[in-house]
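In what comes next, subunit A is part of two complexes: it sits with subunit B in the first one and with subunit C in the second one.
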Partner chain A sequence: MEPMASQWTEAPHSMGTTIMAVEYDGGVILGADSRTTTGVYVANRASDKITQLTDNVYLCRSGSAADSQVVSDYVRYFLNQHTIQLGRPSTVKTAGTLVKELSYQNKSFLETGLIVAGWDKYDGGSVYGIPLGGTMLRLPFATGGSGSSYLYGFLDQAWKPDMTHEEAEKLVVKSIALAIARDGASGGVVRTVTVNEQGVERKFHAGDKLPLFYEEIAPRPSPLRAH
Partner chain B sequence: MNPSKVELEAHCIDHNAKLVCLSRDPVCQVVFHFHGLLSTSQTQFSDCRGRSLDPCAIAAMDFSNFQAPGMYPYHASASKQAEKSYVDHPIMGPHSSSFTLMPSAPTTHTQYPYVTGTSVLGIKYKDGVLLAADTAGSYGSTVRYKSVERLKPVGKTTVLGASGEISDFQAINQMLEQLVTKDFMWDDGNNLGPVEIHNYLNRVMYNRRNKFDPLWNSLVLGGVKNGEKYLGVVTMIGVHYVDDHVATGFGNHLARPIFRDEWRPDLTLEEAVALLEKCMLVLFYRDRSAVNKFQIANITDGGVQITEPYALQTNWSLKAFENPTAGAVGSW
Partner chain C sequence: MCRTVVGIRCKDGVVLGVEKLISSKMLLEGSNRRIHAVDRHAGMAMAGLASDGRQIVTKARGEASNYRSFYGEEVPIGELCDRVAHYAHLCTLYWWLRPFGSSAILGGYDRDGPQLYMIEPSGVAYRYFGAAVGKGRQAAKTEIEKLNLTDMTCRQGVIAVAKIIYGVHDEAKDKAFELEMSWICDESNREHQRVPADLLAEAKQAAKEAQEEDMDAD
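Up next is the complex of A and B:
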């Protein structure tokens, strides 16, 4: 007997998502939410959407989970070989160009928006936005995913050039938290990855530790149980 | 001193193969084209001083023939395609570049544009040609990117402006960059001018259209060579023409009528810029995809100059704007 299929068992895995990357003085910070959905069901509430490409370059993935994974797997494979031949760490621009080539040459098949960010000694911290279609743009900061719609106004006002690492990290966490507050396809925890000359640092900002916004309330024991 | 660009073709990257820049020019930029397998052998890339290649050059490499082992196991007959003349072409070639994930699938699709630029304007004036475009990259109805440069120089005599899908414009620019480099390497005292580039782009756009796989752009090409001013358009379906004043998209409806009234062949630079700015302002008011941040390209016999992005002064203080519904409440 076949199990009944419903919309949410058949729907493709999609990372509704909010992703972003910000360049600061000395490196970059990548940030993402952690929700993966199949239709309306949350298939994974603690996904890691920030994927490593090389020691010094990372990738934020959004859109179709499968498409973004396949692109990141190929690019990691290419860069692995490239680094061996080159004899030193590959540049962020090279990583971005490879991601762009895959996105552009396969634009009719792929549905994934990507952000490549990292640090190299030639350009310092760099952020490259590669949206649907395969356009590649170097930007001081980039956002992506369905949750990014809610951040245009906020970042128009809140982003400033030449931020320190602390300021940039606070901005990333607050932005993703705001997007999670309004976008049903984004949720869970906020993961951040800092990449600079010294190396890489991963941070985990738990969902219940994120700032609360309009109409959200802090957890407390049930009013019916209060003595 | 202009750095010379040298192209090396590595046909077979073997064990311990050494690819050395043979140019005597101490300042040179080496561009590699790969034909064949890129293996994990001892290949070294060095410039004319024996130093290892600047990795930034990798970013400029032509990947259209890069064949990663294991990338597509079904493509055993790739080498037989070498006979066909267009197999190496980055845009015209069959779309089984090494970055094609599904080479067996048909590549003839009409796509949809994702990140788009709006109008480009162009006019001839007394001493040359001017092109203008704003710096917006829209994503549907969202103005997602506000600093996209949509005017790019091609060689020393021409500027290309594009509306439509930005990724396709980036691919066209990459292709023209390679064309200009090959042209430079002939070292025959000739260089591709606006007439040649216009014809070339027309061929590219029309042939892509015939394959139901268009480059989703409307292109404006302006240039001056040997004192001759040139201004032309190529669209995504291969329609092409030249004129004294041109526009793409919304510009055709809003700017061309103004050009028809006010354009003269003997406009000075100041008058021509004023005319363009008048039209760009109208487009900012009336085109939802436009932003108030523009670039103007000026091409004369002396060369190409593209301004930094700048904004125009807008005017909202018309009396009629203050209380438009006073006489008819509920109207707009």
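Up next is the complex of A and C:
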């Protein structure tokens, strides 16, 4: 009999994923789910898809886990050298440009959608979306990954400019929770990273504490154990 | 032939000026430029061998363009200066290369404000409030030190530089000279430009008058 080395063991690690980043008044918030899959098998239910590039710039990764990790490693290396040579922190735009160059010049080899977001003293909080083909666009907010399909309509209505930090964080957590509810390839917990002039703050939103939506049933004690 | 090159950093920009000797009456005015734009936000004035100067400018332009392609932003002036200085120094390391026969005064306006640098043939480069190089540099530096640059606008700076250059020009030894000036300031939208013709004329006029005043006060 053939050994069970079937599709799921050999399928590439993919981050089904929902990622997003939002600019608020004073900085940016990056958010992501935590499910990494090989086929239908969940390889990691608590992965960290928000990667640090520099002290003040972070990256949301989606698509092929390997491709996105390699790109982020290269960009971190370049930015590190750039910072030393320049004598000041790199700008978010520079980080975005480097990610974009790698994505575009290697587009036939890579399959990864990325969002670069951070804070620098010239432009404040900035978000740059760099999807599959290697375009780069500065946006007030950006989404990516398979789960992002379910968020377009929601964000068209729910996003507004000049949000406070609390409003923006609520929006990010709610959006990702909505995407997790509908996208099988997204799940687990919601991780958020806030980057502003004061520094960086990482937060963890447990899966069972996420808001529930239409048709989702909150757990109730079983009637059999009623006492 | 250029004798003296002057650069000053004012509160809202940088002004560069060159005293260009006119070696022949057949030369077209405005030809044989000594001040070149390196990028939109930076310019370089050369003193010494003109052809060596052009090489340095070409190198600087390449570096600025390369930086823009790679990092997506205009090159910070300090970084540009480092790269040019690195190249000048490189030419002092090997027996089959000779050092550049000219100094460059680099003026630019980036996101950290207006900056002025000078790169010497040895590869040494410093940042300055005011710099002068060439035959009349000693007298020019003395004059620059008298200026209050932190409160001076570029408009006033243009006139000051014109006066300095007219002042160091040796009437006895050399006859005609052409004044070439450029600036990068808030008024020029932070772009490197030749000083507008009307302001240049005003500066020349003021400089001539200042010369006459000096001569009368004997």
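Simple rule for what comes next: the second predicted complex is superposed on the first by the 219 of 227 C-alpha atoms of A that agree within 3 Å, B and C clash if a C-alpha of one lies under 4 Å from a C-alpha of the other, contacts with A are read in each partner's own complex, and residues count from 1 in each chain.
Please note the rule applied: a residue touches a chain if its C-beta (ideal position, glycine included) is under 8 Å from a C-beta of that chain, and two chains touch if they have at least 3 such contacts.
Because the structure is predicted, anything quoted here is derived from the model rather than measured.
Student: Scan A:93 for contacts with subunit B and subunit C and give back first, second, both or neither.
Tutor: After superposing on A, A:93 lies in contact with both subunit B and subunit C.
Student: Mind working out whether A:65 is in touch with subunit B, subunit C, both or neither, as first, second, both or neither?
Tutor: In the superposed model, A:65 contacts neither subunit B nor subunit C.
Student: Using the superposition on chain A described above, determine whether A:57 touches subunit B (first), subunit C (second), both, or neither.
Tutor: It touches nothing on subunit B or subunit C.
Student: For subunit A, which side has the bigger count of touched residues, subunit B or subunit C?
Tutor: B
Student: Which partner does A:84 reach: the first (subunit B), the second (subunit C), both, or neither?
Tutor: first
Student: Of the two partner chains, subunit B (first) and subunit C (second), which one does A:133 touch, if any: first, second, both, or neither?
Tutor: first
Student: Applying the document's definition of touch, where does A:101 land relative to subunit B and subunit C: first, second, both, or neither?
Tutor: A:101 contacts both subunit B and subunit C.
Student: Can you give me the overlap between the subunit B contact set and the subunit C contact set on subunit A?
Tutor: Looking at subunit A, the two contact sets intersect at 82, 85-87, 91, 93-94, 97, 101, 122.
Student: Please name which positions on subunit B make contact with subunit A in the complex.
Tutor: So the residues of subunit B touching subunit A come out as 38, 40, 43, 52, 55-56, 58-59, 63, 68, 71, 95, 97, 99-102, 105, 107, 109, 111, 113-115, 137, 139, 142, 144-145, 148, 165-167, 170-171.
Student: Looking at the complex, which residues from subunit C come into contact with subunit A?
Tutor: These residues of subunit C touch subunit A: 70-73, 76, 78-79, 82, 111.
Student: Using the touch rule from the top, collect the residues of subunit A that touch subunit C in their complex.
Tutor: It is residues 82, 85-87, 91, 93-94, 96-98, 100-101, 122 of subunit A that touch subunit C.
Student: Enumerate the contact residues on subunit A facing subunit B in the complex.
Tutor: 70, 74, 77-78, 81-82, 84-88, 90-91, 93-94, 97, 101-102, 104-110, 122, 129, 131-137, 139, 149, 152
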